[in-house]
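The following blocks contain the structures, represented as structure tokens.
The same chain A turns up in both complexes below, where it pairs with chain B and then with chain C.
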Partner chain A sequence: MIEEAVRSGLARYEYRHFIVFGAASQFAAMATECAGDQGAWWEFKDAYMLEGLARSFTRAGALDLARAEGLDLDRFSQCLDDEAHADRLLQMRQQAIADGVTGTPTFRVNDRPGARAIDALLEQIRAAAEAAESAGS
Partner chain B sequence: MTKTITVLVVSMLAVALFLSACGSDDAQPSATSRSVPADQSAQTDQSDPAQSYQAGNTQSVEESQSADAEQQAPSSDQPAQQSTTDDQPSDADGSAGDQPEQEAMVGQIPDSGPYAGILINRHVLGDPNAAIVITEYSDFL
Partner chain C sequence: MTRPLQLLAIAGVLLLISVISACGSGGGAESQPSATETPSSERVYRQASIMQQQADRVSEQLDAEEEQDGSVSEHRDAEASGEDAEVMASGSIDFGHRIGLPFSRNVVGDPDAPVLFVEYSDYQ
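Right, the complex of A and B next:
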């Protein structure tokens, strides 16, 4: 349903890092941001989210993924070495805390707290969609 | 005889005085004249190059300043790159809606893959002007 809402132009989906599982998670987030510098943010995000248990959250694993995505490995490695997006990750975390996020995953719909249960969340999105459509008509 | 001796002595004294006068004229003035020009040349050598060096520095500073200005001017003409950096303060601002809109402005729409036909950018999927914003805070582990 979320995909449908996004594809229809009714909704926009945003992902925010909220790192709670330590160094490996921080590294994966950093690798994703470094991949984003080369236009492959979603490829990395999906790989870590969908294949995370199978893929090592290590530098070697990230480089393998970067190689598979055809990224500039020198640039990618330099980004990792420099921790170039550390500030971005920190700011995301601070913003999440300011938004009242305490754990993952947490959803918000139109900047309001989202339901934890998926069915309730979908209902919340459906209600927001109906409200938006009625407001637009 | 006495007159002759006196004349000789006087002549010798005159010669000696002349020679001593010539010697002192050669030594002291020349030394002074050498030191002064040497000092002057040293001052000139120090001052002129220094001035020219400072001038060179000034020029180089001006050139670098103008170069910086030239560099700054084009950089202000790069909204796409700035939007990438500007999105960080927007995070700090707490306006979750501002960042995606800026990011989405430089996004892309893939022709294939799971997001084919959807405007994507770093962290963001979909229309930047969509009525509903679904935000997920998550961790990869």
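Right, the complex of A and C next:
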């Protein structure tokens, strides 16, 4: 349903990492960001989130994913070695804390706390869209 | 079971525990370091840990403020009213990027959309 709101142009969706399960999650987030450097951010996010590829939470698993997506493996490995997106992940965490996030999943609608129940969340999105329209007109 | 046999069994269990304990804290982790456990990672985690404590404090503060002014967020309403059956799963826009929606890195959808919907999540 949220996807419908996005498809209809009512909302855009942003995923932010909020690591609560330690090193493996941190590594997967880093791998996703490194994949993003080569245009495969969502492919990695989907693989980790949707397909439950537990083995991918390891370096070997991430490299398998990168290979499957046709990424430049040397560049990808270098990014992992350098932890090139450590600052970006840290910034996301700082923003999360500023937003009052203490667990996952947590939603925000136009920078306000989002409901967890779908119906309430959709209502928030509609109300936020109406408020934005009113403000713009 | 006779008393000597009981004592022998207890001694055996204690020995097993000490062996397992020694393996867990010994060279295993040192001989096979994780790819992710570099000094930089550790620094990030230390910071994350500190920040988590800060978040917990903020959360406690928010709880106290909500209690004081009676305003309870819908998020907490949902939890309190047992609406868990309706709770959204993580990854609500899975595959959105593959069906023609504009996307850039971790954002998908019309850049001019009036609403920004953010999901904070962990993969696990």
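Heads up, the rule we're going with is that the second predicted complex is superposed on the first by the 124 of 137 C-alpha atoms of A that agree within 3 Å, B and C clash if a C-alpha of one lies under 4 Å from a C-alpha of the other, contacts with A are read in each partner's own complex, and residues count from 1 in each chain.
Everything that follows uses one rule, which is that contacts are C-beta pairs under 8 Å (C-beta built on N, C-alpha and C of every residue); 3 or more make two chains touch, one makes a residue touch a chain.
Quantities reported herein were computed from a predicted structural model and do not represent experimental measurements.
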Clash-or-fit label for the pair chain B, chain C on chain A: clash
Touched partner set for A:Met49, first chain B, second chain C, both or neither: both
Which of chain B and chain C A:Glu83 touches, first, second, both or neither: second
Chain B versus chain C as contact partner of A:Ala115, first or second or both or neither: second
Partner chain(s) touched by A:Ala23 [first = chain B, second = chain C, both, neither]: second
Per-residue touch tally on chain A - higher for chain B or for chain C: C
Contacts of A:Gln91 with chain B and chain C, given as first, second, both or neither: first
Touching partner for A:Phe107 - first (chain B), second (chain C), both, neither: both
First (chain B), second (chain C), both or neither touched by A:Cys34: neither
Interface residues of chain A shared between complexes with chain B and chain C: 2, 5-7, 9-21, 24-25, 28-29, 36, 41-42, 45-46, 48-49, 57, 94, 96, 99, 101, 104-111, 114, 125, 128-129, 132, 136
Residues of chain B defined as touching chain A within the complex: 88, 91-92, 94, 96-97, 100, 104, 108, 114-115, 117-118, 120-128, 130-141
Chain A - residues contacting chain C, complex: 2-3, 5-7, 9-30, 36, 41-42, 45-46, 48-50, 57-59, 80, 83, 86, 89-90, 93-94, 96-97, 99-102, 104-111, 113-121, 124-125, 128-129, 132-133, 136
Interface residues, chain C side, partner chain A - complex: 34-38, 40-41, 44-45, 47-48, 51, 54-56, 58-59, 62, 73-75, 77-79, 83, 86-99, 101, 103, 105-124
Residue ranges of chain A in contact with chain B within the complex: 2, 5-7, 9-21, 24-25, 28-29, 32-33, 36, 39, 41-42, 45-46, 48-49, 52, 57, 87-88, 91-92, 94-96, 98-99, 101, 104-111, 114, 125, 128-129, 132, 135-136
